[in-house]
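What follows is chain A paired twice: with chain B in the first complex and chain C in the second.
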Partner chain A sequence: MSHPLAVKTENLGRIYKIRNNRKEKQRELVALENVNLEIREGELFGLLGPNGAGKTTLIKILTTLLAPTSGKAWVAGLDVTRQPAEVRKRINMVSGGETSGYGLLTVRENLWMFAQFYGIPSAEANRRIKKLAEIVGIADRLNTKSSDLSTGLRQKMNIIRGFLTDPEVLFLDEPTLGLDVGASRDVRSFIRRWMDENPHRTLLLTTHYMVEADELCDRVAIINQGRVLACDTPAHLKQNLRHEVFFQVWVVAPHLLEDFAFLQINGVKHFHQSPEEDSLRLDITLEEEAVLSEVINELTAQSARILRLEKREPTLEDVFVQLVGQRMEEVENVAVPAD
Partner chain B sequence: MSQFPPIEIKRSGWQLFLMTVIGRSYPRVVGMQRERSWLFFDVFLPLLSVAAYVFVYRAIGAPEDYVGFVVVGGAMTAFWMNVLWSMSSQLYWEKEQGNLALYIISPAPMMAILLGMAVGGLFATLLRAIAIIAVGSLIFNVTYAVSSFWQLIAVFSLSMVALYGLGMMSASVFLLLSREAWHLANLAMEPVYLVSGMYFPVKNLGFWAAAAASVIPLTLGLDAMRQLVFASGPTLGFLSVETEILILIILSVVFVTSARYLLAYVERLAVREGRLTENRR
Partner chain C sequence: MKGAAMQKSVNLRSFLTASWLGWQIESNWTDPFLFATYSIIKPVAGAAILVLMYSIVTQGNFGSPVFAYLYLGNAFYQYVPAVLTGVSWTIIDDREHYRTLKYIYTAPVNIPFYLFGRAVAKFIVGTFGVVITIAAGVLFLNVPLDWSRVNWPLFLIALVSGIVMLAVSGLILAGITLRTARHSYYIGDVVAGGLFLFTGAIFPLEVLPAWLRPVGYFLPITYWLELIRRSLVGTVAEAFPTFTALSNGHLLLILIGSSLIFGIASIFIFRFCDHQARERGLIDQTTNY
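Now for the complex of A and B:
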C-alpha cells in the first residue's frame, strides 16, 4: 500500500437516546449521520464545526469510547468495535479543558503515571517528559502539583500527555480551548513540528476556530449537525469561492441595520453585522464587485457612515457560510438544545 | 536530527499489567501521605469514636477485652471507609474527572487499573490502621495474646483480598449508577458498622444475622482476628477460625472473579450507551 489509511469511516452514524426525566418519553438525537472519511497516514486532518456538530462524538467512536449505532470505522486499519485492544495500542487523545490526572501529584508524576499505562519504561518516559516540557514551555513547572496549575498550564500538561506515548494516530479534541493567543500559537507550532518530523504520524484535531483549521491542517472536513458537508484542503475549499467577492466594512450607524434591505439587492449573497466597540462590522459577500455601489447606496439610505472598507480573501468561515447559509457563530447561538 | 525518535520499547502483557498497577497505585502510595492533615482526619478522628465505645464499655463493666475489640475494630473500619469511598465510588469520580476515558483508551487492562487503586488504597490505609492500633493500644492499655501469628497473617491478607475484591466488583456497578453512587456509598457506611461488628463481637447479633453479615468480608475477618489476638477471643468468636478462613477464601475468589467479568460487561454496556465520559461532554 502506498498510502495506508490511518482512519476510515463508512456510513458512520450515532444516535443518542435521551430522556430528561423519568416521566418524559425517550427522544432520539442524531449526533452523526452517514459519515464517510478517509484520512491518510501522515495527514494532519481537521474537523471543523460549530457546537453540537458531532465532532467529539466522532472522536469518541474512533478512540473506542463509544460504539457507533450504524456504519463502521477503522483506525490504523483496525476495526474500532471489533479490535479495540489493538486500536488502543496505537492511539492517544487529548481534550481541551480536560481535568485529568491527580491534583496531589506533580506535573511530572502525573505524566509518568500515564506513561506507565502504555508500558513505557520510566527512564524513557522521564526523558521525554523533560524534553516535551521544555518545548511546550512548562519545564519550570514539572515539580508543581497539578492542582496548582492555571488552566493554560494544565492544558499544556495534557498536550504533553498525548504526545508522550508517541501514538500512531493522535486525536486532539479542541486542543487550544481556553488557551490565550500566545499559548495557542505555541501549541499549534509544536503540533506542526511533531507532524513534520515523522511522516508516519497522523493527527486528527477538532476545532471551531477557523484560523486554526486553516493554518494548521492539511485537509479539513466541515461538519454540521452530524453530517460532513465538505472535505478538502483549505486552499481547495476556498478556491470554490473564487468567483465571489468578500468585503468587510466598518460603519457607524444610529441603530442596527435592516439586514433584509441588503439581502434584497441583486448580487448580495450574504450579509452579516456584528457590533464592535464603537462601530458595526459588516461581513458582505457579493457575486461581483460591481454590486458594491448599490450596497453603499443602501448604507447611506440607512444613515450609516462608512469608517473603513476592505476587500479580503475568502476564509474557511466563508466556506462554512456557503455550505450552511449561516455563519458558525449564528448556528451556535440558535442551536442550543435544552439540556 | 529528530527531536522525538520513536519509542524503542513499549512493554505489553504481564509487564504492562505490573507497570499499570504500580502507576495507578502511586498517587495513593505517595500522594495521599503528602498532606499531613491525614494524621488528624484518618487517625485522630477515628480514635475519638473508638474512645466513645471504650468509655461506654468501661462504664457498664464489660470484659476488659472488649476495649481491645473496639481498638482493632476501629482500625479495620479504616479499610471499610477506604473501600467504600476510594474503591466503589472511585470509577464514578474518575469518570467525572475525565480519567476513566484515558484509562479505557490506553492499552492498560482495566483490571490492572482497579488493582492499582486497591493496592495503593490498601497501603495508605494500612499506615492509618497501624497508627490507630498503636496509639489506641497505648492510650487504652490493650493487652494482646496472639495465639497463631501465621493464621493472623492469613486471616488479615484474605480479608483484604476479599474486601478489596468486593470494592473492585462494586466499582463497576457504581459506574453505571452515576450520580446515585454517592448516596449509595453513604447508605452503605452506617449499617455496615453495625452488622459487621466493628465495635462489638458479631456473635451478639445472633446466628442468622451474623451469617448474613458475613457476606461483607470485614465481618469474618474481624471476628477471626479477634479470636487470634485476645485471650477471651475464642469464647466470643462466631465460627471457628478455620471455617472463617475457608469462607474468606471463597469470598475472595468470588469477588475477584466477579469483578473481572462485571468490569468487562460494564465497559461494553457503557461504550454502547455512551456512559464512559462525564455528562457534560
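Now for the complex of A and C:
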C-alpha cells in the first residue's frame, strides 16, 4: 500500500482524567483538541509550542504509547490504534531531557540490544553503531557503561538509538532539552545531515526552542493548549508579520518598567521586558517604525537609559506572540502541564 | 504463512534479546565471587531457617517422610517467587528505574515474550538455589534422594510444565503492575508468599482447615509440587493422603490443563491491562527514582 503521507491526524483529541486522591472529584484536562495534521514523506516537520502545549501527548499517540480519546491518526499509512504492531516496525522515538538506558550495559551493548529488537543483524548493527557514534562524537565512549556517562552523552546515546534502526518515521521529542550549546548544535547538524542523506525518511520534531524549529524544519506547526494554531514553512509564517516592526532595546532602569504605559501607546502591539545581568531587555513590536519615538519618550519618562537599540527580523517567537498574545515563556509560567 | 513466520521471528527475537538483557542485569551488579556467594547463601539460609524450625518441633526427626516432603517442597518453591517476580518486576524496572519501557513498547517487540525473556535470568539464579538447597539436604540432612530411582522423564515434564505455568501466572501480575504504581513493587514476592501456605509446599493440604483446602486444589502450583516430589522421591511422596487417589498421569493432566486455563486467562488479563494502560497513559509513568 502506498502512503504519500507519513503522518496524518484527523480531529485528533486527548482528554486526561485527573484525580489527585480518592476524595477529590475527577477533572478533565484537554491535552489535544481537534488536531488535523498532514506530514509528507521526506519532511522534517516541527511541532513548536510551550511546555504543556500537548506536543508530547501527540507524539505518544503517534508512537502507539497512548490511545486518543477522539479522532484518528495514521503513521506510514497505518492506523495507530488498530495496527500498532505494524506501526512500530516503521518508527522510532527519542525523548530529550531524560537519562534512560540500562546503566550496567555499555553504550555499545545498549545500542546493540535495541538493534536486535528491530531484527538488525549483529554485524550490521555494530557497523551502524560505530558510524553513528563517530558522527555524534561518542566513538571513544562506546565501551563505557552508560551509568558513567554525563547527561549530554547519554542523550547522544539515545539519539543514536533512534537513528540506528533507520526508521521510516522518526519522532524526536525535545531532542536537545538539557544539552549544552555545543552538544545541541552537534545534534541539530546531525539531524539535518541524516535528513539530507535519507530523503525518503520523515522526521517529526517537537521543540520549544524557536531557533531549533527555524533552523531545522521544513514546516512548523505552532501548538498551544492542545490546538494547532498555524502550520506552514517558517518563512511563510514569518512573512505574515512583514507589516510589523521588531525592536530589541537594552536599558538600565531604577526598577522594572510599567508595561501598561507602553501598551497604551497607539501602535505598540507587544511589549515584553526580561531582566538580564546588568540591564533590562525589551522586546517591542510596533505597527510602524514611527511609533518608536513615542516609546523612547516613555522610556525617558520612566527614567530608563538606553544602552543599545536594534531593529531585527521577525522570528517564530514573534509568530507565536501574534497567535497567542503572549511570549512562549509567559505561557509556560502559567500553563497547566499537558505534555 | 509469511506473516506467521515473521511473528515467530519477532517472538523469538524478543525472548532471546530480553534473556540476554536480563542476565546482564542480574549478573553484572557485582563481581562474580560476590554474585556466587549471594546465590548460595540466600537459598541455604532460607532452607536453614525451615530445617531449624522442623528440628525443634520434631526434636531432630530427620528420618520422617515429612522432612523430605517439606524439604523438597520448600526447595522447589524457590522457583515460584523467582519466576513470578522475574516476569512482573520487569515492568517496574524498565518503567521506573531504567525508563526504557516506552522504547521497548515502541519497538517491534512481543511484550509477553520480552517479559518471559527477562525472567530467564531469575529462573537460572533460582535454579542455582534449588540445586544448592537439594545438594545440602542430601549431603548433610539425609534427604532420601536416590538418583537411580528418580523418574527423570516425569521430573523434566513436570518441571518444564511448572515453569511455563509460573511464567504465564507472572504475566497476570505484570498486567496488574502495568496499571498500578509503586505499591506493586514486590507483587511477585507478595503473591508467592501468600500462596506458600496453600500449595502444599511444606505441609499437606490436610493440615489446612477444610474450608481453605479448595484454594490449594484450585492452584496448579499444588499439583506441580506434588509431581516434582513424586518424580524425585516417589514412595515418600505417595505416603501422604492428599492425592493418593490420583496417578502421576492424572496429576500431569491436571497440571497441564490448569496451566492452559491460567495461560489463556493470563493473556486476556494482560491484554486488558495493557489496553487500559494505553488508555490512561501509564506506559511511561514514573513515580519513583
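By our rule, the second predicted complex is superposed on the first by the 332 of 339 C-alpha atoms of A that agree within 3 Å, B and C clash if a C-alpha of one lies under 4 Å from a C-alpha of the other, contacts with A are read in each partner's own complex, and residues count from 1 in each chain.
We take it that contacts are C-beta pairs under 8 Å (C-beta built on N, C-alpha and C of every residue); 3 or more make two chains touch, one makes a residue touch a chain.
Model, not experiment: these values are computed from the prediction.
Asks: Look at where chain B and chain C land on chain A after superposing the complexes, then choose clash or fit.
Replies: Chain B and chain C clash in the superposed model.
Asks: Now for A:Gln116: first (chain B), second (chain C), both, or neither, which partner does it touch?
Replies: Both partners.
Asks: According to the stated criteria, A:Asp180 is in contact with first (chain B), second (chain C), both, or neither; which is it?
Replies: neither
Asks: Classify the contacts of A:Glu197 with the two partner chains as first (chain B alone), second (chain C alone), both, or neither.
Replies: A:Glu197: touches chain B, not chain C.
Asks: Looking at chain A, does chain B or chain C touch a larger number of its residues?
Replies: With both complexes superposed on chain A, more residues of chain A are touched by B.
Asks: If we overlay the two complexes on their shared chain A, which of chain B and chain C does A:Leu105 touch? Say first, second, both or neither.
Replies: both
Asks: When the two structures are overlaid on chain A, which partner does A:Met93 contact: first (chain B), second (chain C), both, or neither?
Replies: both
Asks: According to the stated criteria, A:Glu258 is in contact with first (chain B), second (chain C), both, or neither; which is it?
Replies: neither
Asks: Touching A:Tyr16 in the superposition: chain B (first), chain C (second), both, neither?
Replies: In the superposition, A:Tyr16 contacts both chain B and chain C.
Asks: Quick check for you: in the superposed arrangement, does A:Asp166 touch first (chain B), second (chain C), both or neither?
Replies: first
Asks: Could you pull out which residues of chain A sit against chain B in one structure and against chain C in the other?
Replies: Overlap of chain B and chain C footprints on chain A: residues 16, 60, 63-67, 85, 88-89, 91-93, 95, 98-102, 104-105, 109, 113-114, 116-119, 161.
Asks: What residues on chain B touch chain A, complex-wise?
Replies: 2-4, 6-12, 15-16, 19-20, 22-24, 26-27, 30-32, 34-35, 97-99, 101-108, 113, 271-272, 274, 276-277, 281
Asks: Which bits of chain A are touching chain B when the two form their complex?
Replies: Answer in residue numbers: 16, 56, 60, 63-67, 85, 88-89, 91-93, 95, 98-102, 104-105, 109, 112-121, 124, 128, 131, 135, 161, 163, 165-166, 193-194, 197-198.
Asks: Once bound in the complex, which stretches of chain C touch chain A?
Replies: 9-10, 13-14, 16-17, 20-21, 24-25, 28-29, 98-100, 102-109, 275, 278-279, 281, 283-284
Asks: Please give the residue numbers of chain A that touch chain C in the complex, ascending.
Replies: Result: residues 16, 60, 63-67, 85, 88-89, 91-93, 95, 98-105, 109, 113-114, 116-119, 161 of chain A touch chain C.
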